[in-house]
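There's a structure below that I have some questions on.
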Amino acid sequence: MSRVVTFGEIMLRLVPNGYERFFQSSQMSATFGGAEANVAVSLANFGVDVSFVTKVPDNPIGRGAIQNLRGFGVDTKEIVFGGDRLGIYFLEKGISQRASVCIYDRNHSAIQQSSPRDFDWDRIFDGAEWFHFTGITPALGDNLIQICREACHQAKKKGLTISCDLNYRRKLWDTKKAGQVMSDLCRDVDVCIVNEEDAKDVFGIKIKHSDIRGAKIDKEEYKEIARQLGERFDFDKVAVTLRTSYSASINHWAGILYDKEQFYTSRDYELRVIDRVGGGDSFGAGLIYSILNGKDGQDAIEFATAASALKHTIEGDFNRVSVQEVEKLADGNQSGRVER
Amino acid sequence: MSRVVTFGEIMLRLVPNGYERFFQSSQMSATFGGAEANVAVSLANFGVDVSFVTKVPDNPIGRGAIQNLRGFGVDTKEIVFGGDRLGIYFLEKGISQRASVCIYDRNHSAIQQSSPRDFDWDRIFDGAEWFHFTGITPALGDNLIQICREACHQAKKKGLTISCDLNYRRKLWDTKKAGQVMSDLCRDVDVCIVNEEDAKDVFGIKIKHSDIRGAKIDKEEYKEIARQLGERFDFDKVAVTLRTSYSASINHWAGILYDKEQFYTSRDYELRVIDRVGGGDSFGAGLIYSILNGKDGQDAIEFATAASALKHTIEGDFNRVSVQEVEKLADGNQSGRVER
Amino acid sequence: MSRVVTFGEIMLRLVPNGYERFFQSSQMSATFGGAEANVAVSLANFGVDVSFVTKVPDNPIGRGAIQNLRGFGVDTKEIVFGGDRLGIYFLEKGISQRASVCIYDRNHSAIQQSSPRDFDWDRIFDGAEWFHFTGITPALGDNLIQICREACHQAKKKGLTISCDLNYRRKLWDTKKAGQVMSDLCRDVDVCIVNEEDAKDVFGIKIKHSDIRGAKIDKEEYKEIARQLGERFDFDKVAVTLRTSYSASINHWAGILYDKEQFYTSRDYELRVIDRVGGGDSFGAGLIYSILNGKDGQDAIEFATAASALKHTIEGDFNRVSVQEVEKLADGNQSGRVER
Amino acid sequence: MSRVVTFGEIMLRLVPNGYERFFQSSQMSATFGGAEANVAVSLANFGVDVSFVTKVPDNPIGRGAIQNLRGFGVDTKEIVFGGDRLGIYFLEKGISQRASVCIYDRNHSAIQQSSPRDFDWDRIFDGAEWFHFTGITPALGDNLIQICREACHQAKKKGLTISCDLNYRRKLWDTKKAGQVMSDLCRDVDVCIVNEEDAKDVFGIKIKHSDIRGAKIDKEEYKEIARQLGERFDFDKVAVTLRTSYSASINHWAGILYDKEQFYTSRDYELRVIDRVGGGDSFGAGLIYSILNGKDGQDAIEFATAASALKHTIEGDFNRVSVQEVEKLADGNQSGRVER
Amino acid sequence: MSRVVTFGEIMLRLVPNGYERFFQSSQMSATFGGAEANVAVSLANFGVDVSFVTKVPDNPIGRGAIQNLRGFGVDTKEIVFGGDRLGIYFLEKGISQRASVCIYDRNHSAIQQSSPRDFDWDRIFDGAEWFHFTGITPALGDNLIQICREACHQAKKKGLTISCDLNYRRKLWDTKKAGQVMSDLCRDVDVCIVNEEDAKDVFGIKIKHSDIRGAKIDKEEYKEIARQLGERFDFDKVAVTLRTSYSASINHWAGILYDKEQFYTSRDYELRVIDRVGGGDSFGAGLIYSILNGKDGQDAIEFATAASALKHTIEGDFNRVSVQEVEKLADGNQSGRVER
Amino acid sequence: MSRVVTFGEIMLRLVPNGYERFFQSSQMSATFGGAEANVAVSLANFGVDVSFVTKVPDNPIGRGAIQNLRGFGVDTKEIVFGGDRLGIYFLEKGISQRASVCIYDRNHSAIQQSSPRDFDWDRIFDGAEWFHFTGITPALGDNLIQICREACHQAKKKGLTISCDLNYRRKLWDTKKAGQVMSDLCRDVDVCIVNEEDAKDVFGIKIKHSDIRGAKIDKEEYKEIARQLGERFDFDKVAVTLRTSYSASINHWAGILYDKEQFYTSRDYELRVIDRVGGGDSFGAGLIYSILNGKDGQDAIEFATAASALKHTIEGDFNRVSVQEVEKLADGNQSGRVER
């Protein structure tokens, strides 16, 4: 079985219950998540042999994160202990016209304090086929940029496929620095995952007429993003996710895959959103799974899009679905009927 | 006041909270339910004198089921104690594109282990007017087929009206056996309740163009089901429920009643589904109530359909609504406005 | 900073969790609310210096209400202790076709037992600019009518602006008495807030073709309500809220403001309702805030309508939103996208 | 099977979760209870045929109380609908040195508003053997005194045994009135249940050296209470409960029975208190059960005391234990070992 | 690092919240547990490389059990999928004089339906040092007796140390059959773990004066159990746990170890019991850990007893403590002070 | 009414529910606390006019802390907004032999990042009578030492009484630095609050024979601490708390007050601990209240000790009790009986 390595931050995620505002009651849901950890869990749920690499503090919070990942079958042996704290993010879930609120308390985290010496990529990549990271990791600091560079360099050297989700986060860095760093890192990347905002913010690729806040999506414009990115970085594959947010509760969702020869467009989903955090990550995991398992372009984009459609119905960062469930939806069964 | 007897299984129902997947947290809702028990509770809530007949183990779980039913005013005096266990079903509630998951752990239950000697139908039916059962009960085993036969025979002999909801369950038996057994039992049945899948699976009655997974329903086709069933078994009345599942969250719902002379079609409902288990049972109860209370064909199908529309908004198997609430909706008030 | 005084009842609010029916489980949410208290909390959340005046029993329930209000920054120093009990209302939240149920247990409350001697309006209004009350307060009894009269009289004398939300409650008084009392009180009122039912029930102002239970709203008709009211009572401003209840879950919502010269109409909102109690109160608070802060007619009605649109997404009587959040929505951003 | 009738008030009981103070969080447990209802539920759990007589409002709260009682098997057919509200009591559970807090909000309840015409005791007592009430019921008002008198009179006439638990409540009436009324009612009473405070407050019977707040109990003194009461009212039996409160968490508990010939003293229990409300009621129910089932004096007092010892370990007013569980403890097995 | 293999059943464990009786509310805690799984989790928490071997159904319940074990770091690769259901046990937690109630619903489980062909012990034991099972596993059926025999035979052949906890369960088999089977299996056992009841029920070894329901324990008598068992089966080591149940809440706890030469007696603990299920299993795990890590007799019995003392303070079957925490307590620090 | 100012850190406090270990479930209680905030809340609950001074981030977490304090009536107007984050502490509550676990995540907090310019003590102390801080605040960093110095200097200058609780925290600084800094700050302090460990760790004052982990306390030794401290720093008053931890659940608790002339010793309490965090702070608040209200030495130490005894029964950092409740216990009523 092929082995995938993902690298990034895992955070404690604190969320008020239901649709409460922060501190409306004193109960919070305390789980774990983070872009690359989310991809790892998705892949483990698909039966893929996957390692998640990070650094966590050697205290009950760091160990809690590991126990959580390990339960899903993610290999946590390459996780390094050390540093002062696990990053935290507070999430208040929006609904209808009320937007979700995200507060980062992730500075000074163990991973942010890590150094290149913490990770022996040569050993970590032994026996691996695929390396995945996102634009969040280099955004954590210059040391992380260097670590990502070394990881990509070593991965390339050992013949791994490298995928990267741009994942631009305005609260972590500015578009200028993001553009420079990601342009550099993308030279080693084979599969690039992106949405319309990332393409604009990180690489300045703008499309016409697109209104992510409600107007109908013009898929032709999105293909243009994929084409331009493919050209600029010579990616093997570019995948673009298309989200239209009618409200915090109702989103439209679709995906496009471009393999330098052809465009493959998924079916559209009208989603009732239970939790949209991790939606993009589950798309990335679906894509990696599809490519690793030799699905053709159309099947791959349908699988990735269906996987992430299901993610929006699940509480927490992690996409708790099986290959079988994704394929049932990818095949067009959206009825949600119970079997008995 | 007329007295109704229903017979079947009551199970422990274990459901993760909210829209969690199984074991996403360690809290589960533990309630009780089962097709015929659901009909009994609905009828009790409508003020009908109703007995539920079953067998449960003499332990806190069996006694818990009885306490639950008794609270609603269902007569539980005819429930027999014995056997090893109460059947269990695990339900994970779907939402949007994610389907509900139902796991049966109902083998070796007290009712499944029951024998014809457990139930003295002659005495049970004393003073009763109506007997209701569903296709689930004979599906539990050959002993249950025999018990259902005896019950129907005795009911017929004592002049009760007999209603049966086909309720085909693929996880309990195959279509061939179901067809044979139900054909036999249906000879005593006066009022038959059915949906499009049941009609096809149990009696091989197919309709054209129907797509239960989203396409618009052609009501004329559904009338054909009622007509054919009415002819084949000489039922007094056939009621058909029409469900279109756009997703696990949005269903369309309507009903048709056929009395061998005329078709009565209810208004349509677009339902936001809180819990669709027991939807059919609440329809059956609404129909029985309507007939017992002399409602005419149109009022009867409106009442039954409105009752089951409300059921979809209520957690658990049981339809916790009053006659007054159903009639308000059956009269066309769907606004959901609060009175104060 | 301008100071606002609101006067009325605060009640204990008992609500089953989620969409449970009363006593479906034994857990209830116990919070506080009431029309004028809701306005006070909204204003405090907008940064306005606001006092809430009422009478509560000197026991943990009355003190709990005060602690709750004080947390939001509402000035509670003018609350009088005494009387036997805090009024209670039980609320069961509806969904889809199932309506919410509201049970009042508010008789014999401390405020209902209060006497004019309890409130020294001359002192209370010292330094204040605005007085707000609603039609619920005089509906509590003849002593409250007298207290409201004295408050209005004193407010007028000291030059405060007076606003009143008609808030007709059929369970508290009949339309005839309401009409007489409110006609009298409205002579001192500057800003009147009203919906279509209030206008009809209290003042007999009927509009054509309006169907609050689902049909499309004809805004021109609503303008007619504002115009007639403005004429009859010489109000400075009349604000009308427009609600169309498609179901307990989906409402359309908009507002109209009339300043004797012009009509200002807000944008329309399609709301997914989490909790609609307090929707009107949050509209009133938004309007008061807007006028106090010199917003022009269009901005004022957009702010008030956006504020109350957000209220529908928040559990409890209180509108837990900031000026910034309201303005973002009033500016047209309904996408509900998370910032990170 | 012998039939018991109990008469009194059932209230909504609102309790913060765990050991929270009032409104420390917004969740409350909403159940039902009341002295005579508690006795009825205990007896039903012991398999006794028991009716509870009261008046409740015809709303979801009154009906919720009935559903709750009916679930336990209590006959609720004699409950009268009417009146404005169900009485409420708020309970905050103490622990260690912190005392429990009880707030009554029971004025103006349906039962308090009831009249003698509501209850046809001649019919209610048909086929009954035993009538039980407590001193709380006449404390609710002069109409209730009259109703209790009529009930006792009719019960006596039809040959029922009458039991009464003095249950003095300072918040409901004063000792003088209680003394007059209870002296009058006690002339019809056969079995009197009392604790040291009741005896002192209602009948002025004082014992020496007793310190209910911690000192060792002198059982001889308690026998004196029983002896004096037995003499004064010619009771067939007097039962006295002995509680020593070391703290809100640790109580000692025992019982004495006097049958005019002999004293029977139960074993002592050191209780870890989960919920002490209803402790005395469960003792009364245990005593009634014992006498109805012909237990001798020693067995009766052991059963009653063991039943109430178990009650202290159970949340809520109701004693959810079986005869078998009580007898196991009454036989001396206090080990709490699990059987498996 | 040495590797341990444990073999047995893992069950779904359903427990009402807090000290509620069954179905007092509809929420239950749904976790997993079982004697040998508990030992595996304890060992994993101590950092031991441990495999748990069992058979579970290939459904979300079986997979939930695996995810739970895997999270703790237990190796689940040898778990076989198949069979119909996961066994269930219902537990109601007692307190004070009220005993815990345990209801088994474990018949027809996957492990009970397993056959010797399911487990290739030769391969499973590759690289292992220790095999642990308990008397519960052979009690599940004759096939399990055979499987245990083969496992012991193979373990012996490959030089593993074998430990067995007698764990007699009256609800699974009778003392006669248990005696025969366990006598046979014990011939291969090196380390035997036992309590006073097991010794009496399974091997007929009785001690004088011992009263497990409260009287002071005479440790000399318990040494006699160890001595007799050691002699009869030539065990390397015999460990005896000593529990005195003063109530469901207060237990005394200690342990004795006998190595055929000497007796080692642990310190005594007075435990406030949060959850006593799994107490014996955590003792076994502590003992295995101690022996594997070369602790001497006194340190071993102190570690095992301290580990199980801590278990009694933790909800659920699993002992969630680290070596460091156990050693702190084993060293005598019982103060429970918080470090900050 | 006299006005008190307290200064320090308020943190977010995250605690697993019940006695769960960290992440045993995903629900956590999220409240607020911190030594000096706890004193402020206690004083507000006693009706004292009290300001809490700190710095919090201008986000929903900082504002949540303020709302919480403000609800209790604490004046929050002097709280400064700014900085990156609110400090967090994670608390796992121990029971029986299992100790509580406290994890600090309080670095880089707003208060830790504050500068002397943030606080204008001259203005803050206007109209104040008393200033209170604890040894935790200067332990946060050199800037905080300077701020504390300035505050003390200004307080002295304006004639305020200054109290200080030594509160040594090993996780924040070492004993040497604590000794130097606190010696310096204590020169301005009038009332010093201390326990045996603080006295030893900060000032090297050791007493004989004292075993805080269970042995009987020798009060004479504790008086020696008070005497030595009083002499060394010429404090007006020294108060010493005496805790003996038999386990995490059972503590003994008492207090001693020394006014340079006499020793006053409180009664002893055996506490069942619900939450011991904030126990010392509630003692300090009780002492400040007593002195401000002119209680004599014996009454003061009884009030302070009773207040903190009650705190141990209340969840969270804050002592939610009234003067009346404290005085009832200080007067010797420990029975915990419910009044009704």
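Chains here go by letter, A, B, C, D, E and F, matching the order in which they are written, and residues are numbered from 1 within each.
Keep in mind that, in the parts below, a contact is a pair of C-beta atoms (placed from the backbone, for glycine too) under 8 Å apart; a residue touches a chain by one contact, two chains touch by 3 or more.
Bear in mind the structure is a predicted one, so any value in this text is a computation, not a measurement.
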Return the chain whose centre of C-alpha atoms lies at maximal distance from the corresponding centre of chain B.
F
B-C or A-D: which has the larger count of contacting C-beta pairs?
B-C
Roughly how far is chain C from chain D, centre to centre by C-alpha average, rounded to an integer in Å?
45
Please work out the Cα centroid separation of chain B and chain F, and write it as a whole number of Å.
62
Mind pulling the chain A residues that touch 2 or more other chains?
18, 21, 26-27, 67-68, 101
In the complex of these two chains, what residues of chain D are touching chain B?
67-68, 70-73
Given the complex, residues on chain E that touch chain F span 18, 269, 271-272, 274, 306, 309-310, 312-316, 320-321, 325, 328-329, 333-340
Going by the contact rule at the top, pick out the chain E residues touching chain B in the complex.
14, 21-23, 26-31, 59-61, 64, 67-68, 84-85, 88, 90, 92, 101, 103, 105, 107-108
List of chain F residues in touch with chain E within their complex
18-21, 24, 91, 94-102, 104, 169-171, 212-214, 245-249, 276-277
Which stretch or stretches of chain A touch chain D in the complex?
25-27
